[in-house]
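Handing you a structure now.
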Amino acid sequence: MTPNLVLAVLVGVLFATGVYLLLARSITRALIGLLLMGNGSNILFLVASGRAGRAPIVTGHDSSGMSDPLPQAMVLTAIVITLGMTAFLLAMAHRSWQLERSDVVRDDPEDVEILRRAEADDLSDSDFVGDDLDEGTAP
Amino acid sequence: MRRHGWLGRQVLGALGGAVVWVLLWGNVSVANVVAGFLLSLLIVVVFPLPPLTVGVRVRPLRLLRLVVRFAYDVIRASLHVSWLAFRPQRPPRSSVVTTQLTTRNQLFQTIVGEMLSLVPGSLVVDIDGEAGLISLHVLDVGTPAQAAQHRADVLALEQRVLAALAADPLGRIGTEVDE
Amino acid sequence: MIALLLAHVAAAGVAPALVRRWGRRAFLALAVPPAAAAVWAAVSTAAIHDGHPVVERYRWIDGLHLELGFRADTLTWLMVLVVGGIGAIVLVYCAGYFSDDEPLLGRFAANLTAFAGAMLGLVTSDDLLMLYLFWEVTTVLSYLLIGHTSELRPSRSAATQALVVTTAGGLAMLVGIVLLGERAGTYQLSEILADPPRGPLVTTAVVLLIVGAVTKSALIPFHFWLPSAMAAPTPVSAYLHAAAMVKAGIYLVARLAPGFSDVPLWRPVLLTLGGATMLLGGWRALRQHDLKLLLAFGTVSQLGFLTVLVGTGSRAAALAGTTLLLAHALFKACLFLVVGIVDHATGSRDLRVLSGLGRSLPVVAGCGVLAAASMAGLPPLLGFVGKEAAYETFLHSSAPGSTWVLVVLVAGSILTFAYSARFVWGAFAERGPRSRVVRPDAYALVGPVLLAAGSVVVGVLSTRLETLTSSYSRLWPADGHAVHLGLWHGVTPALGLSALTVLGGAGLFAVRGGVERLQAAVPTSLDAQRSYRATMRSLDRASLEVTGGLQRGSLPLTLGLILSVLVIVPGGSLLLGVTWPDEVRWWDTPAQGIVALVVLVAAYWTARSRRRLRAVILVGITGYGTAMLFLLHGAPDLALTQVLVETVSLVVFVLVVRRLPQRFSDTPPGIGRWARATLGLLVGAVMTGLALTATTVREAIPVSVDFPRAAVEFGGGRNIVNVTLVDIRAWDTMGELSVVLVSATGVASLVFLRQRFVDRARQALERTRSEMAERPPGRGVGWLARPMGVASERRSVMFEVVTRLVFHTVALWSLFLLFSGHNNPGGGFSAGLVLGLGLTMRYLAGGRSELRAALPVSPGALLGAGMVLAAGTSLVTLAFGGEALQSWIFHLHVPLLGDVHLVTSLFFDIGVYLVVVGLMLDILRSLGSAIDDQIEQESELTS
Amino acid sequence: MIDLGWNALVPLPVVLPLVGAGITIAAQGHQRLQRAVTVSVLAAVLGVSAALVYGADHVGPLSVDVGGWRAPLGIVLVVDRLSSLMLLVSATITLGVLLYSIGQGRASGDTDESDGGSPLPVFHPTMLVLSAGVSNTFIAGDLFNLYVGFEILLFASFVLLTLGGTAARVRAGVSYVVVSILSSSVFLSAIALIYAATGTVNMAQLAGRLDALPHGTRLTLHLMLLLGFAVKAAVFPMSGWLPDSYPTAPAPVTAVFAGLLTKVGVYAIIRTQTLLFPGGQLTDLLLVASLATLVVGILGAVAQDDIKRMLSFTLVSHIGYMTFGIALGTTTGLSAAIYYVAHHIIIQTTLFLVAGLIERQAGSTSIRELGGLAKVAPVLGLLFFVPAMNLAGIPPLSGFLGKVGLIQAGADVGTPLAYVLIAGSVVTSLLTLYAMSRVWGRAFWQATPAVYRDDPGAAIEIEGDTGVTVLAGPPPRGMTVPTAGLVLVSLALTVVGGPLFALTGRAAHDLVARTPYVSSVLPGGTP
Amino acid sequence: MTAVLDSASLLCLTASALLSLAAAVGLLRFPDLLSRMHAGTKPQVLGVLLALLGVGLRLRSGLDVGMLLLVGLFQCLTLPVAAHMVGRAVYRTDLVRSCDLAVDDLSVERTGEDGRAVDGDQLGPDDHVSEDVHRSDG
Amino acid sequence: MSTVLTWVSATLLTAAALLIVVRIVRGPTVLDRVVALDVLIAVIVSALALEAVVNRHGTTLPILITLSLLGFLSSVTVARYVERDSSEVAEDDDVEEGRG
């Protein structure tokens, strides 16, 4: 098949902008990034379906010149799934706002603590620091 | 002034639905009409809403006059506003003009508001249904005189609407009369 | 043999119950299985020594070449006697040693009995993997037994140390086993030894096996775990850490030696490590004050000795090795038991404290002295016989380095004599006030007496022992000088060396104070214990550094990493020999270019927006643009759905965003702006590249060419996409419905967080229902059913009237889309969204009360009904003998109406419709009404 | 026509839970009904799965053209030996976890925390949807349907992970949701690209059509697909999301996630490597990734103080074992990997359930705060120790058997990289043991550092050297019995190791051969 | 006849497109939101109706004409509502400052009657902070 | 002739769409943006009509009906909540650009 350049580039643009937003910390921003990427992958299915044709609705006996219906069905599924995602992520954004007055995703506190310990060489939690038994101290 | 009973109104609504259904399918067949009627009936039963048609009486000729005059207004005003957009000068000043309507029937108030809105250059900012006050934002009205002219236009439109649709063309009937 | 093993397992299983019932005396019953093992070995003696090893094999896991293979030959026979006999003795000893109120005694008893079983399994296994299996079981049981007094930190760290060290060696051994087994094509020990493979791989394997043996038998550099393990209760020390478990390594070496002792590295490694360990252990034993530790270092030393003997790989050395193995088991177990009694009797094991026990505990002291004499190598005890044979072996060996080995052995034996003497002196001599003594329990004395007697009897009858064990040593060819066991071989050089040993040892004992001071003064620069701790510390450290470095817990970084991999890996592969298109077309129609341009601009500004709603509206424009592109591609169904979804999304966004600050705040920063932009551009470029290259290679005809005909003939519809959704790929759609269902559930669960919120919503719904029953809106006043959800000043006459005018039409339109969808653009999804937006209109016009009145059911009911309808369709078709989700077309002729085609997939589509309406209702209930409620409550609180 | 009978069972592991989900979501507020429906549905799925294991083993791969649309036209569901085994194991633990959570709900009694630790009656329907999604991924014979299966289970997992909406869960939930959706987006794009290149999404047909593609493009598509699955399977460096998200969920949820979700990714990788892109073109890459996953993961576990987090890191680490076997691509490697998957599903689930019990009884899962559990809660000790040793690969438990299989497979391949992986495997095994013994030593053995729970109702007190542990009574039987049941199942993996390894061996053989699968789906050959 | 109808159809569409452009230009040029609303939304009504007429002239089938009629009707019903709701919001949130209006009956009436004039204080302090759009990123 | 008209119409619509996007980007208030969005939807309706005329099919009519019935909801929603919380309409970021 000969690829459609405009659509292929548009896929790239939507992914590029989507990624840019996705990497932000705000839940709504990430969601908007995901929506852009979702549009991108939907258009990717258009690229994959080949040349544009007429709507795949059988009117006579002639089905030539119709566009490929299978990617369309898949995109439809993807669209609906994306809607579910939108609703759910927004509910999470709302909940996050309720809890913290912000929809910013903060770093995992436990990981931050480990990084702190690593940087401070804090081995206080190791079983092998400090004076222990020399060799064999029986009770 | 009860023109129809409860059942009658449901059937009337369902008939309207059947018309829409036929228009949607695009061909008039018994099956379509019956299906449209039954489905519409289903809808009005499942989603009951208060009656709409109280105080309405359609006068076809007056209605035609209303529509034609409205079409004229829309086209004229559309061209005018488009010209305002393209012409090099700054757009003219605008005003918020409140008019005291005759009718207290909110259906007719709404129709007046709708038609005023559809005519370019005016936009409903507020309707106080009980007081019958309609406030419009109007483009190209810069003086109190122009404002007064505008009020007159609004009332003229209201009269045309009432003449075409209202059971009591003087608009004295509200919607409160039922049950 | 498997029966004996099972008996151990069963005994271990009931041990806690027995202990609960009988207290410490339960150990007497638990001693039965190991005793039975020893008896069994004794009974089988004749057969085994006639060259008929007892073999049992049961298939287990063919896929791993793992079979329950057991084989008892001479070496096994000897080991079974040791582990069974001493096991029984130690268990009996326990019956006298512990008190009934010892905490966790039941678990201890179970572990110890299980250990006896594991040891039995280890020495009887004829499958290398089985051997490893029992090997590790002994490790774990040892861990639990050492940690018996687990509140004490030394106990815990000793247990962990033993576990880590021996498992490390064990794992090396496992790799060795697998290398060997895969190379040999079998894991059966007897088969491998019958025809041992050779080669560099085998050498590696053997070295790995030796690592296992070295760790288990506590040889340098892993010797340190054994003295620490003395934290365990004394019976454990006696059994695991003297007689049995630490012998596992010796056993392994002895087992493999006939096949592999001439593998390069075998002798150098084993003799060096063994010799060094013998010296180091002996030397260290000389400075210990704790009798148990003294014995532990002595064990280390003796294990080195044994390793040298069994690792040498000659007939003479093997004979000496087996003899000493037995001797060590007898005397060392005895000594530990004696120490245990002393400890209980006096409350101390410190030889600086103990005094006069020779008189106050004569039987115990007698046993101790005999056993120590055997350890020191004095006649007529078995220890003497073994040591004599060892001297003999190396005196007459022509192998290179034998002299050095001999020197080491003599030196080691001198040390052994010295610490043996120090033990006897320290434990039993009278040096000052006599220690107070509690009389030991009779059961505790059985063991020491039997073991001490054993050292004497077997020593005296050592020639008889030789006939029993020689079938093992005869696996090697006879060489120049034949060595035999016996108390008297005449005046031989070996006897001279024995005399030298006694003299040297006595001298060393005489200067014991100096030796102690010397040891204290010379710091051991290569302290293995310390290096173990340093290693573990750096492990802990490394784990922190690696984890802190790689696990940042930052969402942007996590995502960035994934996307970087996308760019580098699939993206990188684009640079390597991918088929690029020879030609591209710019577009199918210029309109695509136009729309693409608008989408591009909108996408760009979306990315740059700092205002939430600006971004939302702009992303909506990319969505509408996408809808246009769908349309231009001949996909009206997609376009319709996309347009609806965009509207719904915007509404949902606004419902939520009304509560959030207007601007995005991305503090604290994650990834810098330029990095994000760069990564975005790279990902975009990769996606474009992938799109171009993947499309260009298509030569096959898509499967969907047959869809049009199939859709009409079998699917009964002309809209192929819809037929695909509700019929050809209905299974996807069913799955997608569950996604919708669960998203709706999730939204509700994040908003209605507490049962009482749910209850309140349910009560409100019920109230509305009863109100509506009393006063149906069809007879009502106003324009809507219950529009008081909106404050009066915010109500809009125009909006309410138009909603009243349009709503029924919207509902009708949604039914039209539902029913015409099979032949025209539409279908359950778009229909459901349309009705949902109709409900949205009602909600916006009249607030939550209007929404409840518009559709007074719970969203769950709609979702559930839809799901049951859609999934149930497939159950029904299955039940009627069709394939899941198969559809039938019914052609009916109804008078007046004409022909009606009813496709059963319509029911499926109705299911879809209900679920989507349920989703919309759920969203409005949760993100609309419930949040309205919260806002109201908050403002009531503040005012 | 015995075939027809078996085939009729194939859709049930998806359809039954979905019908159940429909009923239970409509029956919110009727907890008894919800429980009854969920338990009976999951029990039925377990029964069906067991039958499918038998059927797939004796009749060959069972395939169903959904709706009667002949493959490759419509969606085909395939249950071969691998799928059936995965179905069986997943059904087992789902049922176990569900019973546990019912036990938890009954024990807490309070309406604000019912089954599964959630305040809302959404746990049952969501669990059922999760189960349907997991089953769907195992039986999908169509790449896009596999995507749908993933979405089903992911969305269900989103809801489960955020049950109760606490701050930690929302924070973790967002990370999890966004990462999951990103990976799905990569997967979806890969499907679009594969369709662009081949014009089909039927996996059996793809097996033929992908072979015919030019090498470079084929490699690119392979990498895209693998990337999407690797995120789901938590293969390093795409693993960072897992330990940050799983531990915050309610215990039964974490347990079922740990057991199933990453394994679904592993399953997809197996299909990718055997059915779609055989030939081992990415063996080395996967081996290196496996090694990194093993080592980085287990070092992470060693660094943790919290049992749940530690378990999450071992979860990541041990994915490396499975990908190791898959990467080797040999029958023995795949066989061991499949066995390891089954083992790991059961054992990780069990351990997280135990962690839940610990949390419930002692009020914490941090080893800084725990102590003395071996003495006061011996049942808990047993329930922890056996699976912990199993995870560490101590014989004769299943972890050992799987590990031996992998080492044997690696030794058979015998490349230097394979030997490095063997070394990495045993080191990981050792460090797993170390991590487990750390927990055991602190939480179970040592005396308690502080008073951490004050529940005077039914409390046992013990005095240690540094403080007093106060525990809330004995653990509820409703929770311990299902946990113990899973421990027994894990022991059964050892007992029936022979037949099981034979089965995984046959499954691996089918995978390597490809023809049983392909000809079952497309009896007339690949069009 | 068909050719004439087809050409008429296209002419309608061109006119509609021109009105669309006028709307867009007005949207961009007009100084305040309410003026922009006039410019933006109103010519659209005619534009959309012309476009629908164009389609009707071209397709000429009963099915489609029925639908087109409905589309026109619905547009006429719903567009004013949107304009009204937005206009009301604009007015109520005081985005139209009274000084911009030549005549403002409503403001007089509202303040006169109940003193509920919406004043500028409702805007939070932080909302007047203006940021350069190019520094739109954190 | 028809080709020319088609092109002219398409160009006009494109220009309109881009200008509308500019307004959406500029704002300055959310109400400006939703108004512009409404206009954009109207442009889309015209574009759909143009496409229907050029390719002579009626498959897009359902989309037109849907837009005409429900397209107004987005701006109504925004207006509803902006009305309640006036801070939402505060002129934003690019206020200088918008006025200048």
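A few remarks follow.
Labels for the chains are A, B, C, D, E and F, by order of writing; each one numbers its residues from 1.
Basically, a residue touches a chain if its C-beta (ideal position, glycine included) is under 8 Å from a C-beta of that chain, and two chains touch if they have at least 3 such contacts.
For clarity, every value in this text was computed on a predicted model and none was experimentally measured.
Fewest steps needed to get from chain B to chain E, stepping only to touching chains, is 1. Common neighbours of chain B and chain D under the contact definition above: C. Counting C-beta pairs in contact across C-D and across B-C gives the higher total for C-D. Among the other chains, C has the CA centre that is most remote from the centre of chain B. Averaging C-alpha coordinates per chain places the centre of chain A 30 Å away from that of chain C. Centroids of chain A and chain F (each the mean of its C-alpha atoms) stand 29 Å apart.
Separation between the centroids of chain B and chain F, computed from CA atoms only, is 25 Å.
Chain geometry summary: the mean Cα position of chain C and that of chain F are 58 Å apart. For chain A, residues that reach two or more other chains under the stated contact definition are 1, 22, 24, 30, 40, 44, 47-49, 54-55, 57, 70, 74, 77, 81, 84-85, 88, 92, 95, 105-106, 108, 110-111, 114, 125, 127. Counting partners per residue, chain C has 152, 160, 540, 544, 547-548, 551-553, 555, 559, 563, 610, 632, 636, 655, 662, 664-667, 669, 687, 691, 694-695, 698, 702-704, 707, 728-729, 732, 736, 739, 742-743, 746, 750, 753, 796, 798-799, 802, 805-806, 809, 813, 824-825 as the residues that reach two or more other chains. Each of residues 20, 24-25, 113-114, 124 in chain B touches at least two other chains. The complete set of chain-chain contacts reads A-C, A-D, A-F, B-C, B-E, C-D, C-E, C-F, E-F.
Put simply, chain B touches chain C in their complex at residues 6, 9-10, 13, 17, 20-21, 24-25, 29-31, 34, 36, 39-40, 43-44, 46-52, 106-107, 109-110, 113-114, 124, 127, 129, 175-176, 178-179.
Partner chain F is touched in their complex by these residues of chain E: 6-7, 9-11, 13-14, 16-18, 20-21, 23-25, 27-28, 33, 36-37, 40-41, 44, 47-48, 51-52, 54-55, 58-59, 61, 63-64, 67-68, 70-72, 74-75, 78-79, 81-82, 85-86, 88-90, 92-95, 118, 122-124, 127-128, 130-133, 136. Interface residues of chain B facing chain E in the complex, by the touch rule stated above, are 20, 22-27, 74-75, 77-78, 81-82, 84-86, 90-91, 93-98, 113-114, 117-126, 133, 135, 137, 139, 141-144, 147.
Chain A contributes residues 54-55, 57 to its touches with chain F in the complex.
Note for the complex: chain A touches chain C at residues 1-26, 28-30, 32, 35-36, 39-40, 42-44, 46-59, 63, 66-70, 72-77, 79-88, 90-95, 97-98, 102-112, 114-119, 121-123, 125-129, 132-139.
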